[in-house]
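Labels run A, B and C following the written order; every chain starts at residue 1.
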Amino acid sequence: METIQTLAVLPDMPVKAGEVVMRITGLYKSFGDNHVLSDFNLGLLAGENVVVLGKSGSGKSVLIKCIIGLLQPDGGTIEVFGKNIPDLGHLELDQVRMKVGFLFQSNALYDSMTVRENLEFPLRRHSIRLPQEEVNELVRHALDDVGLVHTVDRMPAELSGGMRKRIALARTLILRPSIILYDEPTTGLDPITAKEIIGLMIEIQEKYGSSSLIISHDMNCVRMASDRVVMLINGSCYAEGTYDELKQSADPEIKKFFE
Amino acid sequence: MTRQFVSNSKLGVFVIAGMLFLILLLYMIGKNENMFGNTFRLRAQFGNVQGLTAGNNVRYAGIQVGTVKKVNILNDTLIEVVMLIETKMKQYIRKNAVVSIGTDGLMGNRVLNISPSVKPAPLVETNDILPVKKTAEMDEMLQTLARTNEDVAVIATQLKNTVNRINNSAAVWDILNDKSLPQHFRASLLNVRSATAKTVRLVSDLQLLVSNVKEGKGSLGAIISDSALALGLQEAISRISRVGEDADSLAQVISTLAGNIQYDIENGRGPARAILKDSVLAENLQLSIQNLQKGTEGFNAIMEALKHNFLFRGYFRKLEKQKEKDKQPARGQ
Amino acid sequence: MMVNTQNWKQWLEEAGEMSRFTGRFFSQWFRPRYEVTEFFRQCFIVGYRSLPLVGLTGFIMGLVLTLQLRPSLIDYGVESQLPAMVGIAIVREVGPVITALIFAGKIGSSIGAELGSMKVTEQIDAMEVSGTNPFKYLVVTRVLATTLMLPVLVMLGDAISLYGSYLGVNIRGVTSFDLFWTQVFDNLSFGDVVPAFVKSFFFGFAVGMVGCFKGYHSHKGTEGVGRSANSAVVLSSILIFIIDLVAVQVTDILGLN
């Protein structure tokens, strides 16, 4: 495993020591004439929370969908645990996906299943043969982490937006991922609930020592959750730094976000 | 997991019920088409199968006993029908049973009827060829009907044409309206009267002849007394007198008719109408004229025969001479 | 993009996508992994749950067809042929087509809406992330379920229709069930049942395929979901008639009539 010092794309940046769990180099992705990502570079260290900040439609969601293999990039590499995602076959990709959690913007809870079935789904689908008691214990534990053990037999439609987000988080957590990708985790939530969710995210990150890549345009989220912020403008990395560093920047493009 | 089990069992019931109905459907059809059970083959050969096809029913004395298996063309005039018959019918169908093609109802499917014959015969064996009977075929019946219809149509057309022609033809109406018609009738009447008069004279001549013969006058009077000849003569005479009577009645009819026509004309009614109206009269007239004609013909024939008979040749010659003599003083007057 | 292109081009594009989608189904359905549990669940939903609706419409259809045909048959003096005629009509055409249309309305729209909403709420992506091939899990199971369940529904619908017809015959006349039954079956042949049964597989396939395609390619937003459901019903209904037309021609060519 390479260390942070060898990464050319991350010059003079104050970073935590640790392994590089994910490295994105020269990523290109376009839809027709619309160049969403062009020469995007990013590194993620173990235990680090990185927020990718950008306007709506700047290609943030495209970025993490490329990371999880839902979209095929036009060029560049996405190395997760040393494996280049675009080159992986189905089986290998599934192996990587077990270690990478994904919290969808719209939660993506299965409407036709109960909360329990929703949480069991990734366990069963990844061909993990576990006895029922162990599955139950994992479900209970994941729900306990988000504080919603009592909703285990309810349907997603019966829950509030904040609860759904937490259930979705619990479903992401049930496989104990090393990397969690958050797609706009606070969108559509009231500020108080959003704060609760962010708090939960930090709590979990500390508890499991996982790394997080958070896509957001919510400055509260950025301020609270980020160890490091990457600004995505025009498809590439415009600026990098801590929240405070960026806040003090004189660049007019960066300033827009803090007004 | 309980919920899953219940839904699975319901699904099972659902699918099995659907499949059972399908199997039942196919089985019933198969049974109807004799796919199951024991059957044997029989054959029959027709000149025309009238649209019979594989799958049509075969009936023995009206009972469903099998189906047509296939219809083969043997040659340009002979078609063989192979049927599958239930094996249990082997003990009933005999070799002389007659096969015919019929129709199920008026417009229904073709059926093959096997009719038992009253005469004794051994039972059929597999692949026997049964005798066939040609039946009244609906098509043929319809064709005959069509021909009849055409004929009727032709007749009707002709009738219509005739009526039209009569209606349109001035000539016919002229004839019918012709005022000279009564005169013609009268002339006819006179002719008939003179004919009658002639007949009467002939009869008297004949009677004279007969009496002369009876009295033995003439060279061969004895021979003539022969009874057979006398009988023939008698018949001739009676026939002649009948002619006379006919002529009389005819004369009467004609005079009535003439009178009627006269009356009609006088009363301003068309004679044609009277004739057309009085069909009985017309018929009588016709009949009388025919009778007269026949009678006269018969009489003439007899007279001719007598003239040529060598026995009377001399007598007739004498008679003619005398007539010549009688006529001369009359002309002289 | 779609708004500005001409209609026919859009239509051709959709036809092409649809063909590719269908091709994807054929290249995937027989390969592991087999989503057996989900398949049975879909069979239950698609088949068993549709039975009441199909049964009701089938019953009414049989009854109405009988009552409607009776006056005409009386005019021709062949009233006794009523069971035979209704039987053939139901088994050959009315049963499969009416059932398929009802099925398209109920199942086609629900598949379109379900997959559409799964698409727009990223549930399909979530499945893929959770180590599931969503195409197999969602599309293959549903298409197989509709393909296999519709013939079963058609058979049961036929049976219920015939029962409705039996009652219809007995409203004005008296016919024993045995006689009705015999008359219906005496006039049916394999050529009536088998093509009708076979074509109902195609109807089911079309309904499932169109529903899944429309849902899977749903546009963002709740309006997109509604449009998916709606166009799934419209397209699958049209396809049912087209398949029916083709089926008639094919059975005719094969000489199965």
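By our rule, a residue touches a chain if its C-beta (ideal position, glycine included) is under 8 Å from a C-beta of that chain, and two chains touch if they have at least 3 such contacts.
Keep in mind the model is a prediction, meaning the values are calculated, not measured.
Q: Please find which chain has its CA centre nearest to the centre of all protein CA atoms in view.
A: C
Q: Starting from the Cα centroid of chain A, hunt down the chain whose centroid lies farthest away.
A: B
Q: Mind checking the centre-to-centre distance between chain A and chain B? Centres are C-alpha means, answer in whole Å.
A: Going by mean C-alpha positions, chain A sits 109 Å from chain B.
Q: Taking each chain's centre as the mean of its CA atoms, how far is chain A from chain C in angstrom?
A: About 43 Å, centre to centre.
Q: Quick one: chain B and chain C, Cα centre-to-centre, how many Å?
A: 67
Q: Which chain B residues reach two or more other chains?
A: As it turns out, chain B has no residue touching two or more other chains.
Q: List, in ascending order, every residue of chain C touching at least 2 other chains.
A: Within chain C, no residue touches at least two other chains.
Q: Which of the residues in chain B end up touching chain C in this complex?
A: Within the complex, chain B touches chain C at residues 4, 7-8, 10-11, 14-15, 17-19, 21-22, 25-26, 28-30, 32-33, 55, 105, 107.
Q: Which residues of chain A touch chain C in the complex?
A: 32, 65, 68-70, 90, 94, 97-98, 102, 104-112, 121-122, 125-127
Q: Give the list of chain C residues in touch with chain A in this complex.
A: 1, 114, 117-118, 120-123, 125-133
Q: Chain B touches which residues of chain C in the complex?
A: So the residues of chain C in touch with chain B come to 40-41, 43-44, 47-48, 51, 78, 91, 149, 151-153, 155-156, 158-159, 185-186, 188-190, 193, 197.
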